[in-house]
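Next up is a structure, given as structure tokens.
Going by the order they are written in, the chains are A, B, C, D and E; count residues from 1 in each one.
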Amino acid sequence: MSEALLEIRDLHLTMSSFDGLAHVLNGVDLTVRRGEVWGVVGESGCGKSLTGLSISRLVPTPPARYPQGSIRFEGEDLMRLAPHRMQALRGKRIGMIFQDPTTNLNPTVRIGEQLVDVALAAASHDPSLLDDATPQQFGRRRQARDLAARLLERVGIPDAQARLASYPHEFSGGMRQRVLIAMALIGRPDLLIADEPTTALDVSVQAQILKLIQSMVADHDIGVILITHNLGVVAETCTHVAVMYAGNVVETGPVAAVIERPAHPYTRALMAAIPMRDTPRGQLQGLPGVVPDLIRPPPGCRFAPRCDRATAECRARFPGTGPVAPGHAVACYHPVRQPKIADG
Amino acid sequence: MTQSAFSITRRGLLAMAGAGLATASFPPQLFAQSGKVLIIASNQDIPNFDPHTASGYSAAFLLRNVYDPLVRVAGNPPDSVPGLAESWTVSQDGTTYTFKLNSAAKFQSGSQVTAEDVVYSFGRAMTLAKGNSWMLRNIVTPESVKATNAGTVTFTLAKPFAAFVAVLPWFFIVEKAAVEANLGSDNGQTWLMTNLAGSGPFTVMRAEPGTLYQLGRAETAWQPGGGDLDGVVWQIVRETATQRLMLQRGEAHIAVDLTSEDMDALDGAASVVRVIEPEYRTFSIKMNTGHGALADVNLRKAISYATNYEALKDTAGYAELMVGPLPNGILGHDPNLEVPRMDLEKAKSFMAKTEKPDGGFTLKMVYVTGLEQERRFALVMLDSLKALNIGLNIQPLAWPDMVAACASTETVPDLFPVYQTANYADPDNIAFAAYHSANNGSWQNPVFHDPKVDALIEAARTATDKAERVDLYKQFQKTIVADAPDIFGVLEKRKLGLRDAVENYAFSPVAANAIECWPLSLA
Amino acid sequence: MVEPILEIQGVRKTYPARRSLFGRSAAVDALKGVSLAVTPGESFGLVGESGSGKTTLTRSILRLEAPTAGRILFKGEDMARLGPKALRTLRARIQIVFQDPYASLNPRMTVEEIVSEPMLVHRDILRLDRAGRRDRAAELLALVGLSTQHLARNPHEFSGGQRQRIGIARALAAGPELLLLDEPTSALDVSVQAQVLNLLIDLQDRLGLTYLFISHDLAVVRYLCDRVALIHSGVLVEEGPTREIFDAPQSDYARMLLGAAPKVRVPPATPSG
Amino acid sequence: MSKLADPIAATAAGPVRREKLARALFRFRQSRLSLLGAAIVALVLFFALLGSVLAPYPDDVRGSVSTAARFLAPSAAHPFGTNEVGQDVLSLTMAGTTVSVLAGFGVVIIGSLLGTLVGAVAGFAGGLVDEALMRFTDLVLTIPSLILAMAIAAALGPGFENMVLAISLSWWPGYARLVRGEVLAAREEVYVTAARAIGASPARVLFRHILPNCLSPIIVKMSLDMGFAILTVAGLGFIGIGVRPPTPEWGTLLSTARSYMPDYWWTAMAPGMAMFLAVFGFNLLGDGLRDVLDPRGRR
Amino acid sequence: MLQFILRRILLLIPVIFGLTIIMFVIARLLPGDPVGLAAGANATQAERQALATEFGLDRPIWAQYGTYVAGLARGDLGRSLLTRRPVAQDIATYLPATLELVLAALALAVILGVPLGLLTALWRNRWPDYLSQVVAIGAISMPRFFLGLLLQLVFAMWLMWLPLGGRLPIIVFPPHKVTGFLTIDALLSGNGTIFVTALRHLAMPTIALSLSPLATIMRMMRASAIEVMGQDYVTTARALGLPRRKIVTKVIARNAFSATLTVIGLYFGWLLGGTVLVETVFDWPGLGLYATKAIVSQDMMPVIGVALVSGLIFVVANLLIDTAYGLINPKVRYA
């Protein structure tokens, strides 16, 4: 088991808003090692995106506050890091991809220039980055351009050198997402955080992008956090999965284990709500109730109000995370131990 | 030279003047190197140089210094002094005048000024019938001017005209050859608008419309008794406060449009000479005697006695109250004329004789937008009429609307203030312009007509004996006061500011702001 | 053969070239001759990716756009030849539920006003006075699982799922026979989606509605629809009963699409941790 | 139906409208600047209504003249001194509020009504109608507004109503462009397509669905325009095409006072400062309203 | 690109016709008697009639419009009743003064407004932001002519640092006329002292004129900068480690400025109108003053001329702004 690339321990996050203080993250734990592709899955408002953004400390701290918890990246706690050192990590050690390709590229600057800027930023910390692209004497900017072109080819954009001169709006949604992936990887990061990278794309394009991410992991042995609300994407792309609900990680484990034997009632409800191959018409199991109000969260387990297995104990205190099987843990007093359910 | 009310601009944005070029405290050497240059600050542009069509005091300034008339006017009280003519004689019956030209007179082109040029000039002036020609309308015709020989000219007037010599300073002589060479389609008007054909002591060196006009001393200057000026700049400065500050800072030598408030501020200012002299310029409030409520003489009398004359005088600043229709001090003025002053009992007694003795109605008073003094008079009248329970609806009018309103008796407002300036130092000028029925429809006398008054004016006009003229004008003034067609306002004093560096300046109440620069020098 | 409630015959739609600020953009053929028929009471699925023309087709059915060629018949009547009045009454019988719950409700109106708007517009058919409209609105809210207290509230006070229910209530207000469902659940979370899908199924059974269900999510279409049509860049690629299409897709496009859709099951060869 | 219907727990019914208002007021109170703006506007409106009554020398306002007391420097009796005909400058300025604010309202209301109509029709109808209306609007916009207003005012002659009409005629294009933009944007909204799908008539779609949502930017522009309208009214007064004496109006007061600088400077201070304060108040209020009504334009 | 510019230039023709028609209609409404004024007080009816025919004012309105438009082709804008000079010549003398003032004011407004707007957006909700907001709103609320008066009172009358008004001290001969802009002409003719004096004359009117556009451009830049800062591509830039300085200049400033550009175009038109008041206060011999004088004496030819010329300048300026917008914001090019 290689030494942990990223360790999030008991991360709490509060957001002050007009209506009061929202307890968005309520003690998130997550460990990612190189070569692992973690699917962080959960419904809207469960805090998965904020967790991702917190890792790169992109959440503006006037409204947000981190009362407790730590995020260790290769042993170093990012919460204590000075801003300029944090900025050095971004793009160089931690790469990020966001959801909507139409709004994530600077509309008034050519693609090549944007890629070069990122490369130069990364190279300012590690000049060697540019060397293997082209020989030294052509000047850093030229080297960065060639590196950019090579990356674009790597992510599957035809005649990359020419396309460097085009503007973002001249690309399709899928192509733009590829450019963003190239940008995220140009600094050769060790950890890649992808926040709903394929949600805005068509199914066919989505499949290609997911395969591209998988090949990146294989080539550069990087750790990936793939944030999504689509269990199907997790099943086909990730090695591990962490299910989140209302600011907590309720279940983690290898994908196969969690999908075949979901232990947490919420995970089971989630699986039951997805129309499978053989779900008879009208038999889909909806999950009654509403996500809890994070300003006045219920005491104890936040899923209790909607959980048909909830007991007084659940409502009193928040259950710790206990193992259910090797590498497969769940935060529930009454986890479900049942045989494999039919596959989708 | 007409002095229409319109061209007298006081404060206020709507003065009909071009933009000014106020000087800053700028490096002296720029100033000195161009010799002794007199700077006159005025808010009047000089759009037209043609001596026979231009009007307004700014044009008069230019023409007086660039052209020569047969006779000039100077001194206080004003008197005719030789111009191109050395001497002149009048026939017994006052109809034939003979002028002997000064042989030294030369045009700026170098050629001699001859009688032929005089004949040609008067001929052109009367045929074009613009500018100042109205003064000699149906008195002088082109045919009535003869050149008996190269040096003498005789005029045979259609009828005797006492003020003939007094009018001549505003008729300038052009060089016949120069004008005839550039007649164009409009008798040389377009050419003369921007070119010179005169014999005056100065020529125009630089003309920037709306900004400044710079005159330079002509080599051919033949006139006797000149000062040491190398040039004169007529600088257009729209705000009189700016004119005053330029005077105080020595950036201008003479300021011609100062208000009473400016004069107060200049009291005791270093090296500034204040010229405050009475002038033949009446400022009264005319009433529509022909149509509407004020056709009733009793109402007019009532209003005359209700007016707060002290307030009118206060708002005008440096001014005296008028005694009757004619300016104080002019030939024939009757100083002990019994003129209405604020007397509410008398006013009420006249009101009792009107249709509506206890008032309760409103009159309409109009004034020209931008003329501050007229606006103040309107406010004083509004206040005064309250005593008679008469309301006053004050309406500012653009000058063209005023001129249009005066065209027919129905549209003439009940009350409207008017300036009357003596263009030539003779009572006939005010009497004829303001009270003669021939002028009905013009803004100077839109409505008033009285055959008795017309006859008196005609007689005084043609009488040659001074005593006889004085008696006629006394009768004229008595009848006017009895009829009370106007509220006699004030005689504003001419207000000029001069630097003490300006030498041998002599004030003359006629067109005092059209400064004659030839005699002046700079210390 | 039961007479179809909706028939689309060879519909084509071309958007003319637009002269923009700087250059010209080319003409676009959104629909290249699409024909299909929907029988009453059926749930007909229309699956296509972005740019496939499914939105243009929806807008043409609603007569918000006129097709360049072809005919659209509703219960045998050609919609193009209807006069404005007849078109309006027809509009009462075809209603639509939109994809984006946050944008499809007028922010300035209360739920009562939103739901009773169709009744107001078609008061000549429904003949309901104010009180009648109010009761029917309350009844519709109950039908979709909301309560009368919600009548006076504004849209921004509801969750995504609740707003979609309001959208459905509005669609039912005029008593339609055909309901166009334009990706009604794709913006919702899985758990909420399940509730809305079941609500739709229940409403169809109780009110005998016909659904034209437009979506890019194959799993949802398989769950809800009896027949399915696949559309790709303006052309109808394949059509037939849901079971046959999903189990034995004929066209390459169908096969590619079915393969690409991520399925929630342990993939055969997963790279172990 | 039981397993389906899960009645959402309705929050306390309570009168809903009051709660929405409370929330908006709370957001308004958030920014101190808008509070300051609201206070100044209240003061200005107070003087607009009671200005001439409260003025220390009411008869001065009606045009009485006391030439003996000309140009008195600021003193206890006359905090802002007296003018060229001895009238108390403070009273004139207080009374002037009425004219200036009323004129401002007149211009903004006429301008916005005219502009909204043109903008709504152009935005909604589109095609040739839009092209024609918008070209005309641009045409009126190309003529410098002050010169156009002056020309119209000169044509109609001086007087309060003519001045307001003249300015409004050169004011409405601003609203036409704003409303057209808003209508064009709103037309693409989904809820508008929904309304048309329901079968609502074009008029109903425009007035029931589109315009209510364009209301807040219009209100924000109206409150911001109030300040500029007062400035333009004063500008016309300054040029001399304003109200008729003796009605006091800030622009005319400033125009006459201008000639007595620098010696009798106080005659210009009162009207100038009053104008500044009024416009400042309306601008602050407008800014505050924009944040409350129209969150898109965040502070 | 060329085709677009050609189309916009063709669009000028209807604008010219539209402008002149509107102004002629307004001229028709004028009650007054401009001829009476121009003919002088004592002119007889005959003399007035002669003047009227000379200016063609006695012919029916559409006939006058016909000759006017015909004259337009030859660049003849008719003659002013008042100055008797052709309007085109008057405008040629007065236009450079106004343009110099307007361009100086706009330059000042953009040079200060844009960076200030950006800075206040970056320090949002901290005291410098609040302070700048209050000052900006204060600047917008300050009546231009009152501000001009105050400047004149303090700097020209009391402190006497700056000249009272006008463009150049009269005794100084203006530099050789190339552009008509005194400052630029002085530079071209290499005369330092005149350049300095001309600048000192330009100072106060420019400040009075530019304060309000400066504040508005600042607020507009601030608002669009804040909006851009909320966009995803800014978060992406930060996530990818771009240094803050590059994010501010290349990402935020560039996108925010392209939105602010359109306001600057609109403001150009407003400034042309706005000069009227400032010119009146500072004796600045520009178009504004010329138009005011003409309007008051109801001499309509100059008014139509001024409206036409400023209208054309406004349209051309906006054309330039739109092309510049297209260059900066490529998306527009393929819209």
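Convention: a residue touches a chain if its C-beta (ideal position, glycine included) is under 8 Å from a C-beta of that chain, and two chains touch if they have at least 3 such contacts.
No experiment lies behind these values; they were computed from the predicted model shown.
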Contact-graph separation of subunit B and subunit D, given in steps at minimum: 1
D-E or A-C - the one linked by more C-beta pairs in contact: D-E
Of all other chains, the one whose Cα centre sits farthest from subunit B: A
Computed distance of Cα centres, subunit C from subunit B, in Å: 89
Geometric centre distance via CA averages, subunit E-subunit A, whole Å: 54
Centre-to-centre distance between subunit D and subunit C (centres being mean Cα positions), rounded to whole Å: 46
Separation of mean Cα positions, subunit B and subunit A [Å, integer]: 92
Shared interface positions of subunit C, touching two or more other chains: 195, 198, 202
Touching two or more other chains - residues of subunit B: 13-14, 239, 369-370, 398, 401
Set of subunit A residues in contact with two or more other chains: 288, 290
In the complex, subunit D residues that touch subunit B: 63-65, 67-68, 70-71, 84-85, 154, 157-158, 238-241, 244-246, 255-256, 258-264
Residue numbers on subunit B that touch subunit D, as the complex places them: 11-14, 239-241, 259, 261, 264-265, 308, 310-311, 314-315, 369-370, 372, 375-376, 378-380, 382-383, 386, 393-398, 401
Complex contacts: residues of subunit E adjacent to subunit B: 31-34, 36-37, 40-47, 82-85, 90, 93-94, 156-157, 160, 162-173, 193, 197, 200-201, 279-280, 283-286, 289-290, 292-293, 296-298
For the subunit E and subunit D complex, residues of the former touching the latter: 14-15, 18-19, 22-23, 26-27, 29-31, 125, 130, 133-134, 137-138, 140-146, 149-150, 152-153, 157-158, 223, 226-227, 230, 269-270, 272-274, 276-277, 280-281, 288, 291-292, 295-296, 298, 303, 306-307, 310-311, 314-315
Contacting residues of subunit D [partner subunit E, same complex]: 33, 135-136, 138-148, 150-152, 154-157, 227, 231, 234-235, 238-241, 254, 258, 261-262, 265, 268, 272, 275-276, 279-280, 282-284, 287, 297-299
